[in-house]
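The following block contains the structure, expressed as structure tokens.
Labels run A, B, C and D following the written order; every chain starts at residue 1.
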């Protein structure tokens, strides 16, 4: 089918490529002229598609997606459909659906996983929206997803796609942190001669065999003690939102929360928390504090 | 080669089978007459092997392994070799190696993963001991391990095999807990229609694709909301030991520790910690306490 | 000064008493006729005060406070002042101030600590609002607070009072959990003969001397092993909200989060998380699962 | 009574002073000639006391205490008594008691709290040992402890004193971390004008009033945003040991563990854990890694 694609960054461009390889017609737009866009404006994108249109939006959460959906609300016609394939917070999806719905425009939210590997292997897709809207883009979803029976789920109504992806990312954080903690212990122990070889060995026959383990093993092949990588990692929102919702649901998520806190801590230069602990140690015990 | 196998439970029996299928001669012994053992006593086992002997011990950690190694120390000859394939704490391996070594008997410690799947697919093996001792049992290790380049590592000297397995299990706990937390959030949210379908979809194209995810998906196929499974899980020692060593090494392991605490908590009926919190809430705020 | 008091439960009644003892005139109202209220309706309360009025509202967060503030918005006059002394989420204070402000009615938010002990010893008060509004109720605040230089702070603009109280409660959760964990370890260890006596001894000369420790010691005097108290504790919102805001601020709060999760876990009968862990253990290791 | 004191550092010197002020005769020894020691050698110390002797040892845990106890075992006579007032790991006390006991020398272990404030206000003392041995030094304990009914407990047999102190320190870590987390949130929030003033206000009437809160408030009076203190804090062993024992006892201590991990993390420059997480993010998502 024919579809518009807004946002031709790392993810959007690769998805457009996979769709074209799969026989679809994709008209791409991006705010950057260097993006290899097919059209120069949102208006031009809309004009290039026949109603009822379907436009996949692949832009960053926050300002960019808000602004894009606002403009699409003005440019599109009753019966058109917008797919938000980015990392929008699920709580925003409802508001977006309401605003677009008031103009007769549908919204499908899709959580998309597999980063830079998706173009070749397919993207895991988690979809939220009405049965009718989802059915309209089924050919697109079928092409984007990996081959076989897995990799696509219609998780529920509006917001459910981003919700499922948010939970996926929470699990991802917890798994990565678990692998990283174990690896750090191997590195610290005198008993283990070559930590990277232990990790390699786990790739088959172990309970923890996984894609993430494979990736860690590959990273270690290039840099056996990760000497060239700084001990810092960013967090990108979804896991934080997941923990926030779990707090409200009354479902404790201690391992995933630990993973998020480890990332946040790695971003803080001179943590106020430890300043306070250090001040207290000095106050009651006369323990020296490192004056700056 | 010819090898003795002590302990014919779930693990030992399957390993003996895999070894025989691989062309080795295995003489099996177990304390239970119903085990299908080949000989009736440790003495008979030793007598059935020609020096220099190799005996693989697959019995529970603690009393059973201590007692077995003590007896083997008395029965074996200088130049014989014992392989401890169980879950012995790495701190004990040194003591065992010293006691056996005083009699000229070698010790190789092997951490073994893959539970009930190993017979068919091979066991991930993490090995500790001298190069010479490990070389002697290389044919056995090659048969037990999975096919291909992975699944076997000589991790270091005495104790390194059990150490690597211990860290593997810590990672395993963290990964399982992460998956479980995410699944529990899916179950608790009104947005997600069929949590089990979301889990199924992640099996391909997602960042969290893994053997554990596959197993969770299969469990959910049989029992979509895990209604027939109690919310309790035991811990079996290794992860606790790993955290204990990480504490000494100064390597924080918050996600894996969370996983262990979640299991320990699930085993406590009426936790003293929460009794104390409840008493305090009552004392300062007059909040009602549930009298038993 | 003269003030209205809405909500004559445990907290409101005691505060009214302390105010009267301090020489203020308090007109009390509560929805319950058995509350000992002075007037029978909100309208009557408003009528009994001369403009510009000041009304202290001490009702539960959520529906009750929303409804009360809505009604006061209709009944009060320009220049009147409402004090929300309950546990409203700070994010709501802004909305309340805006709605009331549109009608010329002021709002001061006050976080109030000290539960059932405040009537006698005074209440720790954390206040949010404009300098002008806060100044108007200074006589009330001075009477409610404990004697001496501490126990009252004007923390900032609208919401800052509830914010400071929310953080106070987070710390409170962390401290209680820390005490409770330590006590539980004392109880579990064979080395310690009388855990309650150890706790008593800490009341003086120790680094952890605190009001909460005193309260735990007193609880243990009545019930040395807390045998009559169930191992469950509720959470009442503030700490959850604090963690939620800390997540957004990028300030990790692992100890306080642990305290909240311990309470939430204590409320869950058959946790889905541990069902999933148990299902996984069974799937890869054949470990028995407790069928229900 | 007359007593020897070994170790005249910050703690030992102050304790000797308090004992002398209380009417006891103290003969002090320290390895450092600048310590103001009364005698120049352990032998001279032993010679200066009449049998049956009592000697209080106040030296660092590890090598120093091991060496001192070894020497005392050689120098003292049957019927003499050694008091270990330092921070020895409780698991070592048993070994020490056995070695000394073989020579007829008694051992009492005393956990001592109150750091630099003890000289004036008294030390919280947690005591382990036989009733008979403890009775012999009761006059010393009565002088060292704070006035009043609290501050001293005979917690149990050998090791119980250090065990109780170890748990005390675990609680201390958790309380300090809780206070520090709350303070860090106040600092990070735009709503709170003067975080230090909020902390000051909590000193009376609040649920969290405590000595540690007082100390934090005082630190903030000198340095309102702790600008001159580095965000690092050491850990000194006891809490780590407590968590280690709690792991074995099956008592989860998540808040206290979080406090320890926060300190350990603050000591790690470029954490291997986060290197691994960062490598993984790069591997699957192409996220940039900060090359060093």
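Worth pointing out:
Just so we're on the same page, a contact is a pair of C-beta atoms (placed from the backbone, for glycine too) under 8 Å apart; a residue touches a chain by one contact, two chains touch by 3 or more.
These numbers come from a predicted model, not from an experiment.
Matching residue numbers shows that A-C is the pair in A-C, A-D or A-B whose interface repeats B-D, with more than half of the contact pairs in common.
For the pairs C-D and B-C, the count of C-beta pairs in contact is higher at C-D.
The angle of the rotation superposing chain A on chain C, based on CA atoms and rounded to the nearest 5, is 180 degrees. Chain C has its Cα centroid 37 Å from the Cα centroid of chain A. If you average the Cα atoms of chain B and of chain C, the two centres end up 46 Å apart.
In this assembly, the C-alpha centroid of chain C lies 34 Å from the C-alpha centroid of chain D. Across the assembly, chain D contributes residues 114-115, 177, 179, 181, 184, 188, 207, 211-212, 250-254, 257-258, 261-262, 265, 268, 272-273, 284-285 that each touch 2 or more other chains. Across the interface of their complex, chain D is touched by residues 10, 114-117, 176-177, 179-181, 183-184, 187-188, 211-212, 215-216, 218-220, 223, 226-234, 254, 262-263, 265-266, 268-287, 289-292 of chain A.
Of all residues in chain C, only 90, 113-115, 118, 121-126, 128, 145-148, 150-153, 155-157, 159-160, 163-164, 167-168, 170-175, 177-179, 181-182, 184-186, 188-189, 191-194, 197-198, 200-213, 242, 245-246, 249-259, 261-262 touch chain D in the complex they form.
Interface residues of chain D, counted against chain B in their complex, comprise 207, 240, 243-244, 247-248, 250-254, 257-258, 260-261, 264-265, 267-268, 272-273, 284-285.
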